[in-house]
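In the two complexes that follow, chain A is the common piece, with chain B as its partner first and chain C second.
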Partner chain A sequence: MKTFTRIAVAATLGAVMGTTAMAEGLYAPNLAYRTGPFAATGIPLMNGQADYMNMLNARDGGIGGVMIDFDECETGYSTEKGVECYEKTKGKAIVTQPWSTGITLQVLPKSNIDEIPILAPGYGFSPMADGKVFQWAFNTPLSYWDGASIILKYLQDQGDLSGKKIAFLHLDHPFGKEPLPYLEQKAEAQGFELVPIPVGLKEMQNQSAQWLQIRRERPDYVIMWGWGAMNAGAITEAVKTKFPMENMLGVWWSGHDADLKIVGEDGKGYKSVSWSFPNPDAPVMADVKQHVVDAGNSQSNEEEMQGVFYSRGLVISAILAEGIAVAQEHTGKAEISPADLRWGLENLNFTEERLEELGMTGMVPPFSTSCSNHTGHSGGWILEWDGAKFVKASDLIMPDSEAISELEMAKAQEYAEANAPWPVNEDCEM
Partner chain B sequence: MLNDIFIKPFVDMFTAPDFLLQVLWEGLVSGILYALIALGFVLIFRSSRIFNFAQGIMVVFAALTLVGLHAMGVPAWICVLLTLAVMFGLAVTIERVVLRPLVGQPDIILFMATIGITLFLIGLGEIIFGGENKVMITEELGIPTDSVVLEPWGGLLILEQKDITAVIVAALLVVALLAFLNKTRMGRAIRALGDDHQAALSVGISLQQIWVLVWFIAGIIALVTGIAWGARAGVSFALEVIAYKALPVLMLGGLESITGAIVGGLMIGMLEKLFEIYWGQPLLGGNTETWFAFVLALIVLLFRPQGLFGERIIERV
Partner chain C sequence: MLYRTAGQFKTSYQADQALFPVRQDAFLLAVILAFAWVIFPLMASEFAFQTLLIPILIYSLAALGLNILTGYAGQLSLGTAAFMGVGAYACYKMVTLMPWLNPVVAILFSGVFSAGVGVAFGIPSLRIKGFYLAIATLAAQFFLVWLFEKWGWLYNYNASGAIQVPNLEMFGVYVAGPQASSTVQYYVVLAIVTLLTLLCINLTRGNLGRTWKATRDMDIAAELIGINLMRSKLTAFAVSSYVVGVAGALFVFMWRGAAEPNLFDIPLSFRILFIAIIGGLGSILGNYLGAILIVGLPVVLNTLPEALGIPISSATVEHLNIMIVGSLIIFFLIIEPHGLARLWALIREKLIIWPFPH
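Our next item is the complex of A and B:
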């Protein structure tokens, strides 16, 4: 019995030490949400992110010879749990990926003290683009204000917006309210009427009241800023109330294949702006299949892997991986610090050539960042649901950078003053 | 301002009666589904004095089981039967593993146990079915998905056939439930247990059997509710949140009253829609449905602490 106990203890210790050894490397936690009301949109994104990092570990032995310790801390999209996860993981993390605008806003002031980059691709607080003020926060490659701008430009191309009515159906949450300052400014400048329609978290699956309002208001267009179960709820109500689908557009988080599959053919014509697009023939997809899926290390499935969200998950991890690689090259060391990674993320340069080298041609528009521009403002495509999948319905549309950057700087300044003393990056030339 | 509160809403109702009908219809559909969820709470509370926090997750679990079985290639109606069998198994397991060992414990302990059941079912459901949004097998179950378009007073009234089906099925379920509780031996046993535990036990009513039975009935109600809500916007764990809308229904109607659950559900469903459309959206920026039902219930509680149909419990100190 004693021998058995010793063997068991030794085996356990060996397993623990082995795990520790395996887990060494660059620690990149992801504040994931695979559970709760937003899990439906979270799972394919998290799967894409994890698969890309696992692919790099399996194919290249990590980045620059160092394995990536990609770890998930489950938040259920709860801001409180997200902050707990941040506190739990920040000790050895080189980055934090908060995965919710609410969590990002909570973590933002902490990042100045902890000096850990916040990577929030396509979400978070839009003025984070101002890298001089938000030294540690990155919302590449597009901010919500960029997204709103691209949608308005697309609609303007369909006909003058002056005198038109646009309903803004949004989650009653920091994420949903984020584009309001920009939309309100543009409504005044372009002469259209903006009707904000909030959807409460408890009403996501029962939006009949919101769609009755839309029926009463008779808007020319509905712009949707939805997330999780809100998307499917809105799209089914739009079908039910016979709102013309071609006049409904969503942010990139409202363009999830699974949400549209619920209505199938009836959703034909629905559009979503996007900064990522699936390319099943891209070399990176073959590598993920060979090194991760076939090895049995993926939580995804074939159908999900063809979707927009899985592909976006891959792109998000590719942005982080590129930041790490750039930082390693700059510092000449493989084991980089959070400050090194910040430099890497401030010097991203995703050109067409670089995307081809990464095997990701067509999956994300080219963009670059700098110390003053933490977003990159890549531009986006309008995707359209054809009844079975999303297809590209436009060429790359660039946001109205001039108007946005003015608003970004003003709001960033406002934020810094409200949270004074707020350290800014004095070394960064605008 | 006074005009916006006291005159304009009624003028709007009068000038667009088709729209008013649409608002009332949407309120009725929501209300009957709130009532169904509330019924699940009431049945369990009546027979065991347990406030079943797990009712919401039971809706999700039943709907996910149904859809999950169908995804495995099982014919739709066999899926329904198998799901009922799963819900029965769940009722037996809860009675054996959770409730039986806690007999005689304070109510708060039993309430905490149902929170434990909720967390367990969330985890189990996510492990088995995953967290993705799934499409309800509406057409496979023979539920029509077209709309009936009417033109009252030259206006427009759209009635979804699946909503009509949900209202009819829910109404039939309520009638069947009332008949069961009032006309059958087991039903009377449930009511007897609700009225007086000790007296019911002394005449040979089996506490274990009744608990299994009420949890199973709550499971049936959960399945019907899950199908109805799932047909509207898919099946996901977000459905659990809808169960919280049953709380003000219970506060309004009374925790022990089946009539209260039905009337409370319908009242809240219709009044919250009317308030949101005619007062909430124009005057308060909308999204009043998240709090309106609770405020209404609190106002009722000020005057009738036991709810509209609840029993007045007087305890001597």
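Our next item is the complex of A and C:
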């Protein structure tokens, strides 16, 4: 029992000291995962994010004259560790980047109380787009429902969907189930048959049962909502069962270069929707190389830096940096508060000109946010694997915003009711 | 010295059988309770509440439930997490169907459901033993998690398949949900854990506990001296699952705030089994020591480099952490294979006879 008290005293001391150790600058923690089963897909993203912030610190001395204290807290994609990281960082953080739908769902209800914006670019809960209800959460530039809508639109362009059969291969997890309400609604409206095929977390690497079902069902298309080890598992299984790769499409998290390099040429024709695209000639890449890589401050490597995920990491940090810059301009002070950052993220305006100024032309579609629209619905490209890398296979496709926003509002309302009392943004007139 | 028992005479059987035959034990416990009830809540930060105090208590309670079954009655179980899930989902259904229900009552009542499920899955224990029983409880683990995923009614047909804890009020104070303050939640958890611990201590010391121990040590001999094995095993399953179910409800309602089905998958069962084994099977105190080692220590180790100002990346800390905790587990099991509780018992014994070795 003495050990109990001793450890507990040490623990409380540690906790108290941990929260008092303040660093200079704006503290922007990232709940990263470089360990665990999802590390392979996490590392390039985390590297991209860190490199962009390091580049800003080295090139411009931070943002608006304040250094960005970009810090990582390791979660290993575990929700429990994620909450630990959230509690650890929230005292001085201006933003939370939860990096998993599970952690986002956990942190989301606390955002109204702690008043720290959650930045979840391209993941999290789709209804977060309704900024009036989810005042503190942002999932720029596209939500999962947008992604599903873009995929359906692209398929519709390839031939009428009515009477077709679409298999929806997804991770049996909040993340994988996200697009289901939208897809179900569309299946009814457009007259195609939707076959949801869940992949349990334990079956990620061995999907023979799921692909047997796909062979039996003979779907016209397979839409995949996979992450981590599931992507490589599904793609190798598709190649093995000789499923026509050009009829397989994935969400943006299923478009990782390393997953397709395993199958190489055999994966030719596989497509993935994306709101980011690597542009090796972009000025921002040269700046990262000069200020971060050549200075030896990057954990990345040449091959990884050309991939889709690394450049997505850069875009994610650019969104955060832009939010900080907008907030600084609006408030006129450099040391902004979390509430100021929320204003900044609500007033993002990524025009073509602004993207050119940032040196990111072609890396992300232009989009803007408002107090009622926390997503921006930028639209996305369909990328296609050509055997060695991803190339653009379509122009920018815009999501079917009308149907989505209706569904978003309904689901957001449902969430607010289930979590009453839930304050909504009454001042937002849009 | 500190533990001198000289002069503490027992003049009745009752005094000899008391919960604390040695006065210093009672004193030590009073100090710990004072820390738990008064000093920690006054000192602790939000971080300490959410990552140390509350989870350690909840994990201890879950391990306590498992310890009754495995440590006292000798029935190995690998389905703890699933029974926790039953408690959590039962509590969720109760508070959403009957919003007027007092949340603490709902939590305590949700254990009844997991007790029922536990008894149902405990029936095979009448025929099979040891590792074979572990396989049967493993079936419960897989079946129940599958059920949590497929039975939409359980999570109110939520699109994401997860359950979210609503804001729950008790006497005008929020006790669960995002609006609840950590201090309130800590006190609710502490009160329930204290109550159930007291209950379990007395159960294991009483008639029922002795039948469990007899069943554990040699079931044929137990049967020969007139113990009804069926009753003994099934009561162990019932009490154990009840405690585990309450721990599961606390786990989701007082700490996590949301849960998806795979949270209750086998890694959680193993984690609780490890807490019980490292703490010491067949002991109450051991669950707390085990939970401090397995749940609390990694959190403290994670904050150390930053607190000491050592610049080291968080991924490296995580790797180091896994190595340190792993080797500590091995170290403790080598110096005392019967767990931390036994280690404390030995230290205490030495202190009582100090300074004389015999």
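Basically, the second predicted complex is superposed on the first by the 407 of 430 C-alpha atoms of A that agree within 3 Å, B and C clash if a C-alpha of one lies under 4 Å from a C-alpha of the other, contacts with A are read in each partner's own complex, and residues count from 1 in each chain.
Just so we're on the same page, contacts are C-beta pairs under 8 Å (C-beta built on N, C-alpha and C of every residue); 3 or more make two chains touch, one makes a residue touch a chain.
Since the model is a prediction, treat every value here as computed from it, not as a measurement.
Student: Of the partners chain B and chain C, which touch A:125 in the superposed model: first, second, both, neither?
Tutor: The second partner, chain C, only.
Student: Once the shared chain is lined up, is A:172 touching chain B (first), chain C (second), both, or neither of them?
Tutor: both
Student: In the overlaid three-chain picture, which partner chain does A:199 touch, first (chain B) or second (chain C), both, or neither?
Tutor: first
Student: Please indicate which partner A:109 is in contact with in the superposed arrangement: first for chain B, second for chain C, both, or neither.
Tutor: second
Student: With both structures placed on chain A, which of the two partners, chain B or chain C, ends up touching more residues of chain A?
Tutor: After superposition, C is the partner touching more of chain A.
Student: Of the two partner chains, chain B (first) and chain C (second), which one does A:162 touch, if any: first, second, both, or neither?
Tutor: neither
Student: Considering only the touch criterion stated at the top, classify A:74 as touching first (chain B), second (chain C), both, or neither.
Tutor: second
Student: A:34 in the overlay: touching chain B, chain C, both, or neither? Say first, second, both or neither.
Tutor: Both: A:34 reaches chain B and chain C.
Student: Let me check the overlay on chain A: which residues of chain A are in contact with chain B and also with chain C?
Tutor: 34-35, 172, 200-202
Student: Flag every residue of chain C that touches chain A in the complex, lowest number first.
Tutor: 28-29, 31-32, 35, 40, 43-48, 50-52, 149, 159-162, 164, 166-167, 177-179, 256-258, 260, 262-263, 265, 285, 288-289, 292, 296-297, 299-300, 302-304, 306-307, 309, 313-315, 317-319, 340, 344
Student: Could you please specify the touching residues of chain B with respect to chain A in the complex?
Tutor: Checking each residue of chain B against chain A gives 19, 22-23, 26, 29-30, 122, 126, 130-133, 135, 147, 158, 160, 229, 232-234, 236-242, 244-245, 272-273, 276-277, 280-281, 285-287, 289-290.
Student: Across the complex, what residues on chain A touch chain B?
Tutor: Interface residues on the chain A side: 34-40, 42-44, 172, 196-206, 208-210, 212-213, 215-216, 228-229, 232-233, 236-237, 240-242, 258-259, 261-262, 304.
Student: Chain C touches which residues of chain A in the complex?
Tutor: Result: residues 1, 3-5, 7-8, 10-12, 14-19, 21, 32, 34-35, 71-74, 76, 79-80, 83-84, 87-88, 90-91, 101-102, 105-106, 109-110, 112-113, 125, 172-174, 177-178, 180-181, 200-202, 411, 418-421 of chain A touch chain C.
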